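First chain A sits with chain B, and in the next complex the same chain sits with chain C.
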Partner chain A sequence: MNDRQLLVRDLLVWFGLTGWALAIPGFGSDFVVSMALTCLMYVALSSSWGLFCGSTRYLSLATSAFFGVGAYTSALMLESAGWVESIALGSLVATAVAVLMGAAVLHLRGTYFAVLTFGMTELIRHAITYFEKSVTGTVGRVLAVVPERDTIYLTVLALASATVLLSIAIRRTRFGLALVGIGADEQRAQTLGVNTRLVKIAGFALTAAVAGAVGAAMSVRWTYIDPQTVFNPFIGFQTVLIALIGGATTLWGPLIAAVVFSLLAETLRLAAPQVYMMTLGLLLILSVLYLPGGLASLRWDTWKGWRDDTRAWWRERRHEWSGRKAREKRLARERRLG
Partner chain B sequence: MAEGGKPVLLETRDVTVRFGGLVAVDAVSVAFRAGELVGIIGPNGAGKTTFFNALTGVQRPSSGRLLAAGRDLTGAGPHRFAARGLARTFQTPRVFGELTVAANIGFGLKFAGRRRRRWWLWGEEVDVPWALRDVAGILGLIGLREQAALPAAALTPSQQRLLEIGMALSTRPRMLLLDEVAAGLTEAELQEMARLIRRLRDELDLTVVWIEHAVVTLLRHVERVIVLHQGRKIADATPAEVVRDPEVVEAYLGDEMAEVDLTRPAGAAQPLEPGAEARR
Partner chain C sequence: MSFFAWVELIASGLITGGVYALVALGLNLQYGLMRILNIAHGEFLMVGAFLTWWMQSQFGFSPLLMLPVSFGLLMALGLAVHFLCFRRLTVTSPNLDIFEARGLMVAFGLMFLVQNFVSWQWGGDLRGYDYLTDPVRLGGAQFAGNKLLVFGLALAFSLGLIVLLRMTLLGKGVRALMQSPVGAQLVGIDTRRLHPLMFGIGLGLSGVAGCLLSMSYTISPSMGEPYTVTALIVITLGGFGSMGGALAGGLLLGVVEAVGMHYTNPSMKALLSYTVFIAVLLLRPEGLFTRRTRKA
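Coming up: the complex of A and B.
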């Protein structure tokens, strides 16, 4: 497929999925809508994560920081401002935090970057907890003004589908190419004329803008928020896991994995929470070992490859167990010795 | 320094690079003029590559100044050097392995250092040699047109070296800095590479600075040689003078070089047949 056909395919899939998700509140039960909401939240979070971290290979664990900042902003704003304004402001504040954080840590790579983003997330969480305790005198906040279920759902759907559309678009721009170049060889990209510092901060801020907006929209779902809930590091980890298992560099990978995860989460978490966590871990290990490109890289040939590998492995074992291998080895040694 | 009256493209003034206690480049001052073909030689660890890194913003000099076309670029990032028309290759080819050969070239063209279009001329390309007009032009020049659709990782090492040059050319430079582009090539490939480099200078009018360990080939093709030894510049003269310079003989070249025939091999100026490298 050439570029144009790919674009048409991506847009058609995007259109179809959006339309389908749009219909869910119409016929789904409360349970289904709530599951779809979780799913859409992770679609938005991990697609935007993959947009920057997937292509540049900067592993950020700061998603929950932006999510939490967005959630707190909208929780504070909702009493005085409208729904859309609150979300926009949440997104804006998260973006500002990302620009500052990015300017401070984006010159680091690999583990250092990952650990520092996580550390800063914890720093923000504790700073807000401290502020709430010592200045406002409360730990949590009850959200009195809460929009309807469908409003929240449609907002998160709009955010998720906008994020996927953004991914489709950015892949085809100079900015997207710069991100890929940074991921492949940052210094080379620099010597070819890319202002990598600017591009990295912009990409990081873009991720944060989405995460902040999603946080702002999701805060009302809980009706009561405290730093423990909205800065929950698990949100950040799960975003990363979904993106990695789905294929962080791909467009549809994070989306596919988000669907798989939310199905797993809703079916397993209630019945057996430990099994859910173990499944997550197992899926990650399997995908890293056998499917480094993520779920999105699964093709018919991948299955055939696995089947052939397994068969070859069995052939080898049978050869070994029949004793023929040892005999051949012994014969070869005797021949060598004369 | 005022030979030929051509403008100075890049000038270093007492550029020094220190790594802890080690002085890798020690107060080197040189000027490169438009259209020159300059070689840099020196023993291993002489600071050649570090000097290149300093010249392209990859390594920030500890002290000294860097002037590109009269503008002070000391301490600027590599992209600013690229924007001033300075392109470089790396010693070990650093191509984008997962992208196709054509995409590797396209990358530089997208971010092309020198502004290619002036908005008031509505897309008319300014100041770009015909051979660097697009991906196909550059691929033809380096002879990789047939490999355009392959992922760069699938190329042979010598083809990757050509692609590395192509990527540098894709920023449409005024000045090209080549860091051991012929390392590991066979004798025939080496001659081909030297011819390509001459062609870049003669036909595209680029200033070329060329680091190479294949000293004889280098000395035959360049007009000026800079010799680095332990971070210091110990000579900066024509090849004929350099091979007789006692300090250079002592530090690097040895006595035998004085006897080697440094005349340019016949046919060197012949245009390289496009794709000759690819067909071998």
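Coming up: the complex of A and C.
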């Protein structure tokens, strides 16, 4: 397929999925809608994560920081401002935080970057908890004015489909190519005239804008928020996990993985939460070890490769256990000596 | 504040610092040698603590007896984990950067797996037992007997590891591998044997630390994560790969926390340590105690 055909295919898939998701509140029960909402939230979060972190290979664990900042902003603003304004404001504040954070840490690569973004997320969470404890005297806040279920759903749907559309569009622009270039070899990208610092900060801010907006829209779902819930590092981990298991550099990978995970979470979490988390951990390890490209890189050949590997391994074991290997070794030694 | 109150404050800082140092040494061994940033390190500490508690409350084993047992068990676990995960990762990763990122992800997976396994098995409650709780008077200051024991043993194990690395041939091999992996392999140091062994020793040390912690503090399945973060802070303070630095950094962090908490309030503790962590990482990423060497 050439580039144009790919674009048409992606747009058609996007159009179909959006239309289908649009129809869910019409026929689904409350449970289905809430599940779809979680699903859409992770689609938006992990697609936006893949947009920057997937293509540049900067492993950011700060998603929950942006999510939480957005959620807090909208919780504070919702009583005085409108629904759309508070979401826009939440996204704006998260972007501002990302620009500051990015300017400080984006010159570091690899593990340093991952650990620092994690540390800063925790710092923000503890700072807000401390501030609430010692200055305002109450931890958390109750949201009195809450929009209707369908309004929240449609907003998150709009955010998710906009994110996917954005990543369809961005990978065809100069900006997207610059991001991929940084991921392949940062120094070469610099040599070829990419202002890497600016591009990285812009990409990081874009991720944060989406995460902040999603946080702002989802905050009303809880009706009571505190730093423990909205800055939960688990939101960040699960976003990264979904993107990695789906395939961080691909377009549809995070979406597939988000759907799979939401279904898995809803079915397993209520019955046995620990088993769900253990499955998550095991899946993460397995996918890193055996499918580093993610679910989206799964092809017919991958299965065949696994099958051949297993067979070769089994043949080797049989060879060893039957004692033939040891005998051949001994024979070879005797031949050499004699 | 009287002189003896100061002594008690500093000493309590040193006692927690000793445990921090022990945890950090294990993590530092794994990161410095193999570039595995084992974010699940604290979870294995928690496993060590739960094993000790379980054996103590079920069969009445002395916690002191459990020290070598939990070291051995956790070391075996470490060898198994290395064999199952990191061996394959080393073979399949094209370069060190990618290995580091993937190793971090595997460690996250291990963290979920271990933590939830323990809380599934033993429940999420706080646990604890009494051991040597009588106060001991030293001069004018008073300490709980178990805390003194914890401090002494933590220090002994840390110094033991450092001596092992400084004095023996095994330690020489490890240090050579830290300096230059390729050069060490060229002179005949077997990475395929040394890496699993050191990974196992790292986990074994965290098991010992958990065993020690369970003697004087209550334990829960979520106790591991703060220790991982603290260990990360300590090895950034001391410099990645520097053992003496980790020991000094651990003791220093313990004292700073104790004094800082005395002057502000306990809820500042996490804020304080994260601030120190980020400041050090941003300003001196090569560690506080290392001399500035040439920059590549």
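Convention: the second predicted complex is superposed on the first by the 338 of 338 C-alpha atoms of A that agree within 3 Å, B and C clash if a C-alpha of one lies under 4 Å from a C-alpha of the other, contacts with A are read in each partner's own complex, and residues count from 1 in each chain.
In the analysis below, contacts are C-beta pairs under 8 Å (C-beta built on N, C-alpha and C of every residue); 3 or more make two chains touch, one makes a residue touch a chain.
Computed from a predicted structure; not experimentally measured.
After alignment on the shared chain A, the placement of chain B and chain C results in a side-by-side fit free of clashes. Once the two complexes are overlaid on the shared chain, A:Gln187 sits against chain B while remaining clear of chain C. Look at A:Gly26: by the touch rule set out above, it reaches neither chain B nor chain C. With both structures placed on the common chain, the touch criterion links A:Gly323 to neither chain B nor chain C.
Contacts of A:Ile285 after superposition on the shared chain: chain C is touched, whereas chain B is not. More residues of chain A lie in contact with C than with the other chain of the pair chain B and chain C. When the two complexes are overlaid on their common chain A, residue A:Ala114 makes contact with chain C while staying clear of chain B. Using the contact criterion defined above for the overlaid structures, shared-chain residue A:Gly338 touches neither chain B nor chain C, since it reaches no partner. Nowhere in the superposition do the C-alpha atoms of chain B and chain C come closer than 5 Å.
The residues of chain C lying in touch with chain A in their complex are 37, 85, 88-89, 92, 97, 100-102, 104-106, 108-117, 119-120, 229, 232, 267-268, 270-271, 274-275, 277-278, 281-282, 285. On chain A, the positions that touch chain B within their shared complex are 174, 177-178, 180-181, 184-185, 187-197. Within the complex formed with chain A, the residues of chain B that make contact are 56-58, 77-79, 81-83, 87-88, 90, 94, 96-99, 107-108, 110-113, 167, 170-171.
On the chain A side of its complex with chain C, the touching residues are 57, 59, 104-105, 108-112, 114-116, 119-120, 122-123, 126-127, 129-130, 133-134, 237, 240-241, 244, 272-275, 277-278, 280-285, 288-289, 292.
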